[in-house]
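Working notes, structure below.
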Amino acid sequence: MNRRRLYRLMDPAARDAAARAFRLAHHVMVAAGIAAMLAATVAALRQEYAVEIDVLFAIVAAFFIAEFVVRVIVAPEAPGAEQRGAARARAAWLFSLGGAVDFLGALPGAIDLVGSHDARLFSFVWIFKYVRYSPGLASLGRVITQARRALLSVLLGFSIVLLAAASLAYLFERHANPVGFSSIPAALWWAIVTLTTTGYGDVVPQTLPGRMLAGIVMVSGILVFALWAGILASGYADEVRRREFLRTWELVAKVPFFRNLGASVIAEVARLLHPREYPMGAVIMRRGEPGDCMYFVVDGEVAIQLQPEAIVLGPGQFFGELALLSGAPRNATVTAASHCVLLTLDIVDFHELRGRQPELARAIHEEADRRLAPEAAAEVATAGSSDSR
Amino acid sequence: MNRRRLYRLMDPAARDAAARAFRLAHHVMVAAGIAAMLAATVAALRQEYAVEIDVLFAIVAAFFIAEFVVRVIVAPEAPGAEQRGAARARAAWLFSLGGAVDFLGALPGAIDLVGSHDARLFSFVWIFKYVRYSPGLASLGRVITQARRALLSVLLGFSIVLLAAASLAYLFERHANPVGFSSIPAALWWAIVTLTTTGYGDVVPQTLPGRMLAGIVMVSGILVFALWAGILASGYADEVRRREFLRTWELVAKVPFFRNLGASVIAEVARLLHPREYPMGAVIMRRGEPGDCMYFVVDGEVAIQLQPEAIVLGPGQFFGELALLSGAPRNATVTAASHCVLLTLDIVDFHELRGRQPELARAIHEEADRRLAPEAAAEVATAGSSDSR
Amino acid sequence: MNRRRLYRLMDPAARDAAARAFRLAHHVMVAAGIAAMLAATVAALRQEYAVEIDVLFAIVAAFFIAEFVVRVIVAPEAPGAEQRGAARARAAWLFSLGGAVDFLGALPGAIDLVGSHDARLFSFVWIFKYVRYSPGLASLGRVITQARRALLSVLLGFSIVLLAAASLAYLFERHANPVGFSSIPAALWWAIVTLTTTGYGDVVPQTLPGRMLAGIVMVSGILVFALWAGILASGYADEVRRREFLRTWELVAKVPFFRNLGASVIAEVARLLHPREYPMGAVIMRRGEPGDCMYFVVDGEVAIQLQPEAIVLGPGQFFGELALLSGAPRNATVTAASHCVLLTLDIVDFHELRGRQPELARAIHEEADRRLAPEAAAEVATAGSSDSR
Amino acid sequence: MNRRRLYRLMDPAARDAAARAFRLAHHVMVAAGIAAMLAATVAALRQEYAVEIDVLFAIVAAFFIAEFVVRVIVAPEAPGAEQRGAARARAAWLFSLGGAVDFLGALPGAIDLVGSHDARLFSFVWIFKYVRYSPGLASLGRVITQARRALLSVLLGFSIVLLAAASLAYLFERHANPVGFSSIPAALWWAIVTLTTTGYGDVVPQTLPGRMLAGIVMVSGILVFALWAGILASGYADEVRRREFLRTWELVAKVPFFRNLGASVIAEVARLLHPREYPMGAVIMRRGEPGDCMYFVVDGEVAIQLQPEAIVLGPGQFFGELALLSGAPRNATVTAASHCVLLTLDIVDFHELRGRQPELARAIHEEADRRLAPEAAAEVATAGSSDSR
C-alpha cells in the first residue's frame, strides 16, 4: 500500500469502502478505549477484569500510536503540501489541531509503556478524536470562533462581576460565615456557583446584605446567559444561512433545468432551495396528502408509483409541482429508488419565485400543462426536454 | 356503524359532534387513568380507595384496549391506504408513531389482566395519547426535527466536555473526596449535575484545581444552553413563518377581493395578512379606539353597530380601513355576529403594501371614498361590488 | 370636582399636574402598604411598631377602598362607554383586568375591617396596581399573549416529560430512596426541581438507572428553556418592530419636511427613523465627536452653541446632516433648549435611504450646501423653507 | 513632557509605542493590585508575605493616585473641551464614568494612607479600570442601554412575581417550616433563589400547596430567562449590524476600486463586505483549498506565493476572485507580508452582488479575464489600473 493510498484511507472526507472501514475501526477503538479507562477506575471491575482491561487498553493504545505514526508519514500527501517539502509538511501537520489531538492520543499508551500507570487517566483525550469526523461540530466551532470577541467581552464582564461580588460577599459575610467566606478566593467559589445559577448550597450567605447581594448576583447570572444566548443565536443564524447556500449552490449547478439561467437568477434560486437526502426505499410523498413543496432530483433515482407500472426519474428531473399549482392533493406516491439527493422548493418560496422569476415559473407551468395533457398520463418532468426548449 | 364512519369518528381532524364527543371521552379517560395510577402509588389513598382505584383502572384500560382494536380494524380507511390492501395498511399504521403509542397504551391493561400488577406503573404512557391532538406539539416536533443535526452536534460537544470534565475531576478530587469521586463513572454524575447548572450539592469539589475546573464546567454549561437556544430560536422563527403563510394562503384564496390578483401579488399579500378567529359576540374593534389594522372577513359574519341599525358583513367584505387611511379613531364598534375568521392587515404592513402594490391600495382607497360619500353612511365594504369593477 | 375631571385625574395616560400628583400618591401608597405588610410578618418589628403598622395599613387600605369606589363611579366616562349606559359601563369595567385588580386591592382593607387580621397577608395584590402604569409590562404582556399557543405547547410537552420522568424515577428509586420517591406525586416534586435545573438537592437519585434518567431530564430541561427563549425572542422582535413603527409614524406626520412625500415613501422613512426624548439641558451632540446620525426636531426646541450666539431650532427643522455627508467631526455642540422629542436617522439607514429615495437625499444635500455657503454660517435647517420648495 | 503629550499617552485609542507601554503598565498594575488584595485576605499568605503584600499594594495605590491626578490635570485636552475652560472640563471629566472609576480607584490607597486598613478590601474597584480599554464591553453596554426599558420591565414583572410568590409561600409554609419561612422577607430569600433556578436547597417547601407554588415559580423563572434572552438577542443583532457597517464603511472609502461608485452602491457594498485583520506571516488562503470568498486589501501588504517569485499586493488591490468565478480550487497560497487589514466578500454575498450590481461584477470579471490571459500569469489585481478604466 503506497503513501497516497494510505492518506486517502485516513481522509475523513473520503467515501470509498476502505476509508469507511477504517473510520468504523477508529470509532470502535475510541469507544473501547474510553470504556477501558472508565472500567479501570471502578474498584469492583478493576479487580475482577484486570487482565481484560489491560489487554483492551494495550490494543487501543497501540492502534492510536500506529495511527499517529502513519499520519506523520503520510502528511506530505495533504493537498497544497507538495511544494513545501516533506519535513515542513509534517511539522505543519503536527502543529495543526488534528496533529495535536493525534499526538496527545498517542501519549497515554507511550507513557504507559515506560511504566507510569496513571497515564491511562489521560486517555479521555481519545474522545477528542471524534471531533475531526463531525461536520456539525466544525460548524458550531466556526460560530463560536466568529463570535469569540463578543463572547470574550461577556466573559470579561462576567469576571468583573465575579470579583466585585466575591469582595463584597467577603465584606458582608466573613463574620457570620467564617468557613465559606474565609477569604476572597474562597468567596469566589461561592460567587461562581451563584452567578452561573448552579447553587450547590454548600456555601449560603446568612446576613441581610449578603443575601441582597446574592439576589443581584443571581439576576446578573441570568443576564450573562441571555447575552450569550443572544450572541450565539445571531451567529448561528448567519452560519446556517451560509452553509445551506454553499451546499445548495453546488447542487443547483448539477440540475440541467437551472443550467441556462443567468448567474443572478441562480443565486436567487439557490437561496430558496433546500437539499434533502433520502435512503433507498423511503417514501418521499404519498398519494392523497396535501402538497407543500416540489422536488428536483440531483443525485440517485426516484420511482413514481403509477398504475400500469412505476416511472423512474433521474438527476435533472423534477416532480410534485402539480399539487402546488392546482392546490389538489398529491396524485401519486413517490419513493426513493436508490439513495438520492433532492432539492426541495417550499410552497412559500415557490410563490415568491413565481413573482420574481416569471420565466422560470412559466417553464414549470408549461411542463405541468404538458403532463396534464391526455397523452402524458403521469406527473413526470423530463428536465432534459424542458432544458432543450 | 360501518368502518368508514368509525374511522371518521376517531379522526383527530374531524369537526362533527360525534368526533368531538369521542375526543372528550378520550381525554377524560386519559386524565382518569393517570389519576388512578398516581393514586395507586400513594400508600394512604391505596389503602382507603383500593376498590375504586381498581375499578377506574379497569374501565380506562378496557377503553384503551378497545380503542386499539378498533383503530387496527379501521386502519385501511386512512387516506391513500385503499390501494395497499387492508393487511399492509394495518401494518403500516402499527409501525407509525400513533400506532405505537396506542399499542403501548393497550399493554398496561392487557398485562394487568394476565396478573402482574406492576404493569400499572407503565400506564404513564397514556399521557402520550394527548400528543396526537395537539397541533402545537406537532409543530414544535417539526422544529426539533429540522434542527436535529445541530442539536445532536451540541449534544456530542456536551458529551465530550462531560467526559473530559469527569476524568479531570476524578484526577483532582479522588483523594479529597473519595465517596463522590470514587471512579470516573461516579464523577460523571457530578459533571452532568454541574454542566446543566442543576447543582444538587450532593457532590461538591473540595480542592483548588477541582473548583477551578468546576467553574469552567459551569460556564461551559451556559454556553451549551445558549447554543441550543440560538439554534431553536432560528428554527422556530422559520417554522412560524411557514405555518402562518400556509394558513393565510388558503384563506386569501377565499376572499373575492383578492381573487383577481396575479399569483405573485397574492403571495405577497398572504405574507402580510394574519388570520385571527373570534367567538360569537366578541368585540373586534371599539368606537373611539385608535385604529391599527384593517380586517377582511373570511368566514362567518360581523355586525357593525350603527345608530339606526347594525349592518352585517359576510365573507369577502372588509372593514376598518378608514381609521388607517385618515388616522382618525374608529368610527364604529364591530362585533362578531357568529363565530368568524378574519384576516388582519397591520398598519405597518398596510403602508408597506401601499408602496408595493399601488393598484390594490387604490382599490381600498376608492372603496373608502365611496363609503365617505353622503349616501354611504357606514364603514362597509361590499367586496362583491369592488370585485366586479 | 365633577365626574369627568375625576376620570381624567385617574387616567394613567393623562399628563397634567393633578394626574401626576395622583399617580405619585398612588405609588407611595402601594409602596407603603407593601412595606407595612412585610413589617407585620417580622416578629421583632411587629412587636415594637404594632401601632404604627396598624395605622399605616389602615391609611393605605382606606385609600384603595376609596380609589375603587371612585373608579366605579367614574367608569361611564371611559371612551366609547357613553352609548352603553352607566350601569353597563360599570359592569364592563369591573370585569376588566384593571377593575379586577382594584377590586382585589380593596378587599384586604374591607375584610380587615370586619375583623379577620389574616386578610392583611393578601395585600401583596397591591403590587399588581403598578402594572397599569407600566407601558413596558403591557408590551411584554402582548408578546406573551401572541405567543401563548406556542408557549402552552411547550408547557404541555413539559408536563408529559414531567410525568414520564416521575413515573420512571419512582420505578427505579422507590427501594433505594423510600422517602423522596415514596409515590409518583412525591417523585413529581423531584422531577420539576430537576427539569427546571433548580436542583435543591433535597431528593437525589441513588441508583444507576435513576441517575441516567436524571441526566436526560436535566438536558431536556435545557431544551425547554431553549425552546421558550426561541419563541419569545422571535415574538419580541416582532413586537419591537411594530411598536417603534407606530410611534415613529405618528411623529413623522408632524415634520413638515416629510409632509410632501407620498404614502409609501413615508412608510419607508418611518421604518428607518427612531424617536428619542431629551430632558431640558441635555447635550444632544458635542463639537468634535464623530457623527453617526442626523436629527429631526418633532417637539420642543434645541440650541446650537455657536460663537456669536446660539441658534434655536424648533419643530420641523433638522440638524447634524453635515457630519454624515462629509465624514468630518461635529462642527457644533447642540443641547436641548426645552424637553424635546427628536427623530434620529442612523448613518447606516441614512445611506440606505440615499440609495432608495434619491429625491429625499437631494433635498437634504441642497439644504446642507446652502448652509455651507458663505452667508450660512451654522449647521441649521429651516425645514419651513425646504418644505416650500 | 507637556500636557498635550501626557493626554495622548493616556488616551485608550492612541496607537503609538509610548501609549502602548503605558497601557501595559496600567494593566500590570491592575492585575498586581487585585492579586495583592486577594492574597491579603488569605490567612496563610497574609502571615508569610505581609511585607511583600504591603509594598505591592503601596506601589499600585500610588500609581493609581498618580494616574488620577494626572488625568485631572490633562482633562482640558479632551476633544471638544477647549471652549469650556479648564475648570469646567475637569468637572465634566470627574462626573463622567471614566472619572468616577479613576476617583474610586484612587480612594483605597488614599484612605489606607490615613490609616484604615479595611479600605484595601474596596480595591476590587480597580478591576473596573479595564472597562475603558475593552471596545467589546462598550458595545455590550450599548446593547444593554438600548434595551434597558424592556429589561427593566421584565425586572418589574420579576419583582411582582417575587413578592406574590413570597407572600403565598409564607401563607402555605409558615407552620411547616417556621425557620425558612419565618416572615415574608425571609420567604423572599427562598423566592429569589427559586425564581432564578439557583436552588441552594437551604430552604425547601414541605407542604403540597407550597411545592405546587414552587413549581410555578421555577417555570416562571425560565420565562424570565427566556424573555431576557429574547430581548438581548434582538438588541445584539442590531448592534452587530450597526458596528460592522460603520467599520466597513470607513474602510470601503479607502479602496480605489470602489471610489468611483455612487453613494447608494457603496452603501450596498459596505453591507456585504466584512473587515478582517491578519498578523504578519499569517496564511490568508492556501493553494488547493476550495474558495469561498474574495479579498480587498485595505491596509498593509499581502504576498502571493508564485513560482519564480512572490508577487506583493498593496492597498486597493483585490485577489481570490478566480476561485469564486470558476469554482476551481485556489491556485496560489497568499500570506500577509505585513500586518494587514482586508475586506472579505463571501461567496454568498458575491453572487447577490452580481445580481444587483452588474457593472461592479463586470469590472471584477474583466480583471479576472485579464489575469487569465497568457501574459498575466498570476491571480493579481491591480486595482489602480482597473480604477483608471
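Some observations on this one:
When the chains are written out, they are named A, B, C and D in that same order, and each has its own residue count from 1.
One rule holds for everything that comes next: contacts are C-beta pairs under 8 Å (C-beta built on N, C-alpha and C of every residue); 3 or more make two chains touch, one makes a residue touch a chain.
The shown structure was predicted, so the numbers you read here are calculated from the model rather than taken from an experiment.
Within the list C-D, A-C or B-D, B-C finds its counterpart interface, over half of the contact pairs alike by residue number, in C-D. Centroid distances from chain B, each centroid being the mean of CA atoms, peak for D. In summary, the pair chain A and chain B forms a contact in which the copies contribute largely different residue numbers, shared numbers making up under half of all those used. Across the two candidate interfaces, B-D and A-D, the one carrying more C-beta contacts is A-D. Centre-to-centre separation of chain B and chain D, using mean CA positions: 39 Å. Centroids built from CA atoms put chain D at 28 Å from chain A.
Contacts with at least two other chains are made by residues 197-201, 225, 229-231, 233-234 of chain A.
Residue ranges of chain D in contact with chain C, taken from their complex: 79-80, 83, 149-150, 152-154, 156-157, 159-160, 163-164, 166-168, 170-171, 182-185, 194, 197-201, 204, 211, 214-215, 218-219, 221-223, 225-227, 229-231, 233-234, 241-242, 245-246, 249, 253, 263-268, 270.
On the chain D side of its complex with chain B, the touching residues are 197-201, 229-230, 233. Chain D makes touch with chain A in their complex at residues 34, 37-38, 41-43, 121-122, 124-125, 127-128, 130-131, 134, 136-137, 139-140, 143-144, 151, 155, 158, 189, 192-193, 196-202, 224-225, 228-229, 231-237, 240, 286-289, 292, 327, 329, 333, 346-348, 351-352, 354-356, 358, 361.
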